[in-house]
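We call the chains A, B, C and D, going by the order they appear; numbering starts again at 1 in every chain.
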Amino acid sequence: MFNVGLIGLGYWGPNLARVLNQTQRCKFVACADLQPQRLEKITRQYPGVQGFASLADMWEKVDAVAIATPISTHFDLAHEALSRGKHVFVEKPLAHTSAKAQQLVDLAKRNKLTLMTGHTFLYSPPVIRVKELIQSGVLGDLNYLSFSRVNLGLYQKDVDVLWDLAVHDISILLYWLGETPTHGTSFGRACVQRDKNDVAFIWLQFPSGVIASIEISWLSPQKMRRTCVAGTQRMVVYDDTEPNEKIKIYDRGVEFTAPQNFGEFQLTYRTGDIVSPHLGNSEPLLTEIEQFIECSETGATPRSSGEFGSNVVRVLEMVTENRTLFKGAMPEALAGSRR
Amino acid sequence: MFNVGLIGLGYWGPNLARVLNQTQRCKFVACADLQPQRLEKITRQYPGVQGFASLADMWEKVDAVAIATPISTHFDLAHEALSRGKHVFVEKPLAHTSAKAQQLVDLAKRNKLTLMTGHTFLYSPPVIRVKELIQSGVLGDLNYLSFSRVNLGLYQKDVDVLWDLAVHDISILLYWLGETPTHGTSFGRACVQRDKNDVAFIWLQFPSGVIASIEISWLSPQKMRRTCVAGTQRMVVYDDTEPNEKIKIYDRGVEFTAPQNFGEFQLTYRTGDIVSPHLGNSEPLLTEIEQFIECSETGATPRSSGEFGSNVVRVLEMVTENRTLFKGAMPEALAGSRR
Amino acid sequence: MFNVGLIGLGYWGPNLARVLNQTQRCKFVACADLQPQRLEKITRQYPGVQGFASLADMWEKVDAVAIATPISTHFDLAHEALSRGKHVFVEKPLAHTSAKAQQLVDLAKRNKLTLMTGHTFLYSPPVIRVKELIQSGVLGDLNYLSFSRVNLGLYQKDVDVLWDLAVHDISILLYWLGETPTHGTSFGRACVQRDKNDVAFIWLQFPSGVIASIEISWLSPQKMRRTCVAGTQRMVVYDDTEPNEKIKIYDRGVEFTAPQNFGEFQLTYRTGDIVSPHLGNSEPLLTEIEQFIECSETGATPRSSGEFGSNVVRVLEMVTENRTLFKGAMPEALAGSRR
Amino acid sequence: MFNVGLIGLGYWGPNLARVLNQTQRCKFVACADLQPQRLEKITRQYPGVQGFASLADMWEKVDAVAIATPISTHFDLAHEALSRGKHVFVEKPLAHTSAKAQQLVDLAKRNKLTLMTGHTFLYSPPVIRVKELIQSGVLGDLNYLSFSRVNLGLYQKDVDVLWDLAVHDISILLYWLGETPTHGTSFGRACVQRDKNDVAFIWLQFPSGVIASIEISWLSPQKMRRTCVAGTQRMVVYDDTEPNEKIKIYDRGVEFTAPQNFGEFQLTYRTGDIVSPHLGNSEPLLTEIEQFIECSETGATPRSSGEFGSNVVRVLEMVTENRTLFKGAMPEALAGSRR
């Protein structure tokens, strides 16, 4: 059985500690953090776990590590772990640039190690169900997707709202569609802190013709976690704030009948039942960590592989670099509407 | 008292007929349409109204006209009416190009006539209340606005979703902000009919720094009529699908405290009461028509003046022409995520 | 084709006028009311209809009448009509006492005429759908039903909240269950007007073992039109305030396993999908009036027959007479909780 | 500082353990349970706590105890603790009969000890806020209250739905109104288990004239935690399933104007703003336990005193004994509606 260590015990680390302790698939043997009181708290809660203030001492104890540190440190830590022959699970996003992410992917491949990114939503029952609906064809061809992930706070210290929140939606999009966008752009504003956007919008164009829009905000009075997937046969609304009906499948559509002899086109609206399927209540984080252990053991590719995580970073990078800045002026002045 | 005629008795015309008959401010004396059965129905319902199959006979009976015909005919009809010295109320959008719209504005000015655009939302109690909240300063400075106006159908024959639905949101935006955007772009897809977008997204940049996003769709399973106005002091959600609580005012915000000696910035979240103000139930369409009559009589400028309507057309034109098409390719191929 | 007259043009009458005019099944030829301006308005709107200030002149013009007058006049008007050989449709409740209602039923039978009560909800798509679900057995055996019909106003002048609002729920209950309660009681309070309850609660016991509770109020800040039907196999919530999902069918239940050798009983919870079936948008009032005409022609028994309406009145009477008044005192004084 | 012990580590006990450990007001030193693995789990989690399989050994270590055992054991355990001079906190309901509850109240008084019942809702921010609104008079006089507390499961082994769920609503009612009902009755059905009601309704009459209805069910497909408080000046809806707007205050009412010379009464409806006040997020259980400690130290009377808890039991007993059973028959047979 694998011995696993956990690096980083800040905001998210304790959640990983809980599932590492809970699963029967591995031994949770070590944890590391620079702050002694964090180490103490975790080692007290999980008596079998040894705490390390220095990573150097931890490596020999573990076969695999989970990394839950600030984003800027992901690359160095993951690189060292892979170099030392350890399987690596890294919280999302995999790295702060796509070049660094790709380096990790290449290194893991070279060393025949599992590299996995913690895109937890890919293991949550509603996201998996929508994936199944898309794959099975019951939605028909997809027309477009629209995401809203907004609330008041929590501001991140090291990244803007795009890298903090849109990373979720982009990972869900890539998983659902099974393709990566050819183009994308973003538009946003830094309202509270200079130079760090707290509200942003993203547009993405996929090779299949599907388009997607993502709205993300740390400055919204209401919390929204809403996704609309519009297919030609059926449409799905996935609302993660709903306690019981997270997914609704609408048997709705519009059919176009080409003009007949008299030249008038016809549109037929179809309205059928709405179904909210029962979803199991398996815990995404536990499922994810168990997949990490299993892939480390068997060499299989995890759903949110390093390569997958690297593609997510590439999209984030693309919409960051290719942001809409409106440098050009409007054709003519718009007078008279300021009242 | 003014004699008013109504041109166009299709989908929307009968609603104007109802309020023209209801108001005591004018005499509703004439209506015109090419289809005899429509004329018959209206003249039977309102015995004092004379029906005209040809406009030529109608002009001498009226001092003012309301035009509710297909968009492509707005310019010609309004131009003729203004040329003949009649005050003109035109349904939105004012014209199919901004140049044509401006021509109407200029002609009305030259002939000292009232030209008004039927942006009915500017006369609805919730939209007026939000305008008051913005003007009074209780929201603080505005950070951003986000609009969603989506549902299944109804497809328009002569315009795409942008000119059909976004015309409402743009009119509301210009009214609320009292400024017109310097830049804008749109992104969309023609899913059901070739070359006519049925889903689209708009981004707008305003001179004050405010940004706005608009989502519009004829292909959404759920109906949404939702607007979020995020100010620095308060935030407002205006949901027109709510029967009773169309507006909610959130006493919420985030304050930024610059780094002190130890270099850590501080964000303070403020959460107070939520107030849903009682709104009168005056009918927007009646208010609007009565403002048209009053301005025709007094020479005052209506809220949704021709100039205002022309600015709305200009923004529609700008985001249509300046649409995001993603002609360029992505920097590097994104391999491996198609599964 | 039958000639039909309408008696009573107050609050509800104009709605009946609209569907009498709309249907092709009968000729709407006459209307009667004591107030001349009401007659004038209806006869102007429907040119083929003759107005009568006195009923005496109307009888010879009609084969059937619809009665929409105050409840206290239902009996006399229906009795006269039936005596003169006319088919009769009476708004709910059929009469102000069950004895009077039964007299009408008997008279109609004797004269071989159709007597129908205007329980419109029995013709509305969601109520019909729940009836089908119950009859088909997919809900299993019914355990209990709970109704809430509350809002602010509108106060009726001649009846209390029980006869005004609960009449709807009782008619729905009798229709769904196909049985009448053996026992019932009510509890309420006259808050605004002396001696007229504006809030009340009803408990009913049915022969099959099913129990039901009804909550009705003119004094509630939120409008509720909610019904829960709990079956052993499935449960249904019918919420008439929902624009799109009026019915939700829950595949949920609890199964009881009797104690095994170790003496512990077992309860198993079952949670499946939630389905909101698409309901047609036929208009209940039109369906109802067309059923009235058809039954008058064929002699068939309408769904909301006079007998059915009489049973509804009997239940209203039962819970009114058998109201819970708490004449006896509590066993011992309850001291000390007033603080 | 007081030494506190916890008796009963089943479903609820661990929650008490958490707050006993969290508070700085007392020392959590001991816990007791018959099952060794429960003891082990708690003592491992809270190293300073000693586990006892037998109560006899525990008494000398503690000044006060919290009891979270099955209801039928409350009396014996609380009685022994009070007899030994310990302050006692008992989970609700205080005892299984009002006589036993009163015995505990008397014993605590005699021994000058604090006896407190764990009616946690009395310490939750929304319940406290409604109490303040009632006390301040802004709601005017109260007309009626309506409670719904329904969901699917969880069945209790030793009590029916009335003692399991209605205990919450009755405690809230007595706290809000500051009076105890003079009369009450209940009506229910045992659907799944013989002789144990899983759905029930309660009616209560208060001395001030206020009436209340409570609906409770273990067999409802939707979860409801809804309370409506209708006052003459304002109305409040408290919905505990709402994440953010648990309380809504409606500035609504109906005013009655007595008949003038022409004999027609007048009702005026008033509709104002809706306010959802911000509520603090203090934890009720922690507040409650800290009040227990403080009252034990100072001799003050806790909000949910033994006497208060005894009154709650008395009401539960009253509506259980005085249940509506419909022994008498209906006046006449109701034929014809079974179809």
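FYI, contacts are C-beta pairs under 8 Å (C-beta built on N, C-alpha and C of every residue); 3 or more make two chains touch, one makes a residue touch a chain.
This one's a predicted model, so the numbers in the text were calculated from it and none came from an experiment.
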item	value
Homomeric contact chain A-chain C: same or different residue positions, threshold half	same
Of all other chains, the one whose Cα centre sits farthest from chain A	C
Inter-centroid spacing, chain C versus chain B (mean Cα positions, whole Å)	43
Chain A and chain C: spacing of chain centres that average the CA atoms, whole Å	52
Chain A and chain B: spacing of chain centres that average the CA atoms, whole Å	37
Multi-partner residues of chain B (each touching 2 or more other chains)	244, 271
Footprint of chain B on chain A - complex, ascending	143-144, 146, 150, 152-153, 155, 157, 174, 178-183, 185, 187-189, 191-193, 199, 201, 203, 205, 209, 211, 213, 215, 217-222, 228, 230, 232, 235-237, 248, 250, 252, 254-256, 265, 267, 269, 271, 307-308, 311, 314-315, 318, 324, 326, 328-332, 334, 336-339
Chain A contact footprint on chain C (complex, rising order)	244-245, 251, 271-278
